[in-house]
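Chain nomenclature is as follows: A, B, C and D, assigned in order of appearance, with residue numbering initiated at 1 for each chain independently.
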């Protein structure tokens, strides 16, 4: 592709989440911050994809037509998003997979900056098992079964359970209940009604089931340890009041902030990737009642470290 | 002849056409980037092509007065069969697509057969079928694929889904980048469906079955067979739409078709096809789909947020459709008769259908 | 708002006058400057051919259609009838040509619908029953108001609609072809009611294509032709039968010449039923129709004639006995098979639901049975051949249409009936079953229709004619079989002498014994 | 009277009751009785309230020959607006509880009014308003979940039980009874049925079909509002996903319950029973820990089975009538011959 290096102010970064979801909300502020801190030409946040790959592609294409030349995308369909990245790269546009890496072994974006989904689920399951005292019956609540990210989460939970050598039994995964709050609440209530007396721990790797389970467990009065994922305010409040034992926070702020920075460097042709398609972990953090007030500092520090790593390691300028 | 032209000018189709032209003109005036071939027009036309096939899949069952709630799931099923053919059996492009179409056709035929056999309302049977497929498809994907997707692509797969005529070069000249290759098979399908309904006996028998099953039965039309046929066609077209969608997004996943159901009704009904059966319009379906997708694309280009997008989409749809009504009220000098004064069946809108059906 | 009319009080009387009514539909001027005057205590006949505008006038008088111009005066006061309930408030009761019932409701509720008796804000169901029973009694009808209306025959529904018209205080009663589809006995009952209402001072408008009953019961007459009134509110006695017919038609119409059909070629039966039992409930039915012969199948409403026809063309199953076509025992499973394999056609009695596609063009309605013959290339239809064929039938049967692409539902009832018939004539069957063919058809068409049937028979078609109109049967049929409660009571050679034949037929219905073979 | 008992026995409801009884017994056995203990019992009925309400909401529009695709969106917006008002604007809880009912009715009125005024097919109108309302719902709550702590008194009612039955379920039953009474005892209710059955005949009887359409949509909206209120009371919070899964169940309940899509009929009991059947399948999923794929499969099969069975019975019934008539005919014929 080549071409002259231009200033960062010529770079327009578009952050495209998979759809409306609390997880992505920090991206908005992070994008704004990146714009002022690095003097970018502009950033935008567009969540109109509504969890549909075709619509996401449409949104991305429209943004290209409107002059955006760097894209941080949470691919709706991990199996298909590589095609989208290919398409963008053919027009010389800088791309990053943020928050979720393409499925399979290849990443056609310039880089992927994401929590390792499997690791996060693994950590969440480990935290639950620890809270359960290393033994008992664990239930796993999650989202769309046929999504490859869900498969990774299922694998992560299974790995943690396997490591207990049979001390913990895992009930069949309760999938496809993230569509809406009613479905989640109903599924959780039915689960507690039929198996509540046996279950000692619940790990939820999706948003709505986590919200539903927090209330349901508290109301049922059952001694069930609940671990959630992500740090939406509802869940943090639940950790503070003790109805949720822990949550695994990811680092969406760093994904958007550092991602925008790296994208700008790539788009302005100042730098290239040292290793194109690199997969970079943005870190995950176990949040319990003890560190609920302080974990954010930890996360900011991780973000700063990530920034440095990009400059020193991932980018070659 | 003059009156024939006049009649054409008062159809909902013509009105749709005018609305679309005006909309496009407005969008282009405000956002010249709408004319960007590779990133706006080509994707837009690709979507129109795919969703027109989806609309046709619904239209063929609407023609007999039925509905297919399972269009999306049939699309997913047909695409899955194609995916399996490519991924597990390594079939070439055409054979794999054919397998998918056959798969969709079989599911459609089964649905039609159940409806014809039991006499149960098509809404219920297709609803039940959608549930059954909703169960079946993901199960098969999890069993047969890694990561719940079939990713093996035979030669020509990407070309069908993503190439535009810019990639088709003859004697050193290449076509416009704004027109995707996919329009070719879609136009062929549209013409075939239009010919079926305007020119052939079977097509007319479908329409008459839709007009009144009883009268059709009493005229010696094999209504059961026509019902099975309509649903089979619907299955085939749905599968085709699913496969085309897969080629455009890049792989076969169980979520193919999730968005089809509502759109499949919108296109035909906007275009004048009757929910009650007996009248269809292929061009109308194309225009109906085009209208909604152009609105969407325009709003996207203005970068409106998801909340505004939905609100505006709905409002524009309502206004566009009411325009027809306003014209009609003016014709009737302001008198509004009661809802059911016109014929008892519920024409989607007071479509003027005194001219011979279906324009090809 | 409580409409319950006081029972027993003498009925009020009023004159209805319609002045210079004009009504246009897109493409048709259905009424052009029509005036009519209905006086209390008299029955006024409204006559005209199919499509003349009779029903449209009635609808304009009852708030269903808004006339483009003209005025309506009831009891001396001009009224604007903006909707049907306004007409009802003005004391105008109406029974429309087509049945208008809510199929999900009971007889009682259908009668009081729109004006439900209420008590304490909710529907008084006891009152509904009481009121409905009162209205039914006015007609001497012994029907339970709680019967679901769908359980009624079409004739009974018609009577229920009259009861509905009488529910509120009615000074003017408009009846649109009330006798078209009911038997003689039921007509008699209807006329007893009409006569009584007239004597009580009601002004009555009566539409019919049966001139005999018009002369027997009407006092004054208005004749419409193509939307114009050619005879306006004149005493009926001043005009002879033939004169009236000629005004309707617009030219002299000679008398019907009944051909001599006694010398028919004797051939083997084209259609025969031997001791047939069906799923509908027929038992031991035996019939024979020869090529060139017209067999009449007479019976009272509900006798099972329609269902027998259904069994022949495969819509019901034959469980025992034999059905033979041209001597061969056959098993017909569908109408399509009947048509294409055995060349049996069936013109249904239920025109609106089974006979025509209301929402489709006339072309399609007529050509539907012959598309296989109009093909050009595999499965493709030649539009030109189709148009020509349809044009032929339109002119043969004198179907009044504005263009071939007109929707059939926009035709007048009689013309729809012709379309339904034309479809089967186009199919050129060898055996034709015709069920109640002339319901609602005007005189001239009826004649051309009779001539057509005779012509078809002369050409060798075997015709099974089902009709509840005994006069028609005696005019047309060569032999008359009489069915009663799913059994054939006997068969008579037709002497074409109305008096003796009708006596024999009625006798056969009541005796249930074999009279002649 | 005899006739009506016989027709009750033959109706769709009987099939559904049979399915419910068999299903309950099987579930009871499979859970070794646990299914009947207080918590599972309460859980079962708690999640039956919304399906009943939205099923009835859809049933009313279907009765006049209309459809309401916006059930979920109306409910979602009604719930979201009320939640936001209580949480952010400090609106008192009692007022917040009225909001969804008002919003639902208004949205329904607008739907009906648009259908009548524009003469556009109800399918398209409600599709358009659905899209608009979904946008509005998102605009109101964005991606956050408004916690139920903001309306604690209401949430307490949502958790309350009477004789082991959740109050919200009882609310839905009361609503069902009111709907049934309205269709039986009010002129408006009968007018809706008449308009749905035969609009032309209804018009000739002086019934305004326009009014029927508007009333039906408004009533449907009101019921969506009640469903929204129930959701507010029973959910841990309100977010933009509320109402997202209402569309298909809203159709499934009345249609399985025996309501004809062509209009003119209602089946309140059938709708309630059908919702119960679907809920049973749901419970079985949790009990047997089946994948949701299986549940979908089972629901599909149950729906098909129910209707096909009804159909078979109807055909058999007709056959039997015919056979009876034949027997009658033959016996009278013999009688007459011997005479």
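By definition in this document, contacts are C-beta pairs under 8 Å (C-beta built on N, C-alpha and C of every residue); 3 or more make two chains touch, one makes a residue touch a chain.
Since the model is a prediction, treat every value here as computed from it, not as a measurement.
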{"item": "B-D compared against A-D, more contacting pairs", "value": "B-D"}
{"item": "Chain whose mean Cα position lies farthest from subunit B", "value": "C"}
{"item": "Inter-centroid spacing, subunit D versus subunit B (mean Cα positions, whole Å)", "value": "30"}
{"item": "For subunit A paired with subunit B, centre-to-centre distance based on mean C-alpha positions, whole Å", "value": "35"}
{"item": "Computed distance of Cα centres, subunit C from subunit A, in Å", "value": "73"}
{"item": "For subunit C, residues that touch 2 or more chains besides their own", "value": "83"}
{"item": "Junction residues of subunit D - those touching two or more other chains", "value": "138, 198, 200, 202-203, 208, 291-293"}
{"item": "Multi-chain contact sites of subunit A, meaning residues that touch two or more partners", "value": "20, 145"}
{"item": "All chain pairs that touch each other", "value": "A-B, A-D, B-C, B-D, C-D"}
{"item": "Of subunit C, residues touching subunit B in the complex", "value": "26, 66, 83, 315, 334-336, 338-340, 346, 348, 353-361, 363-364, 368-369, 371-372, 375, 379-381, 405-407, 409, 423, 427"}
{"item": "For the subunit D and subunit B complex, residues of the former touching the latter", "value": "65, 69, 114, 116-121, 123-125, 127-136, 138-139, 195, 198-200, 202-203, 208-210, 213, 248, 251-252, 255-256, 260-261, 291-297, 299-301, 303-304, 307-308, 311-312"}
{"item": "Subunit C-touching residues of subunit D, taken from the complex the two chains share", "value": "184-187, 190, 193-194, 197-198, 200-208, 264-265, 319, 321-326, 328-330, 332-333, 336"}
{"item": "Interfacial residue positions of subunit C with respect to subunit D in the complex", "value": "62, 64, 83-85, 88, 94, 96, 100-105, 109, 113-116, 118, 122-123, 164, 277-284, 316, 319, 485-487, 512-513"}
{"item": "Of subunit A, residues touching subunit D in the complex", "value": "20-22, 24-25, 145, 171-172, 175-177, 179-183, 185-187, 189-196, 208, 211-212, 214-216, 219-220, 232-234, 237"}
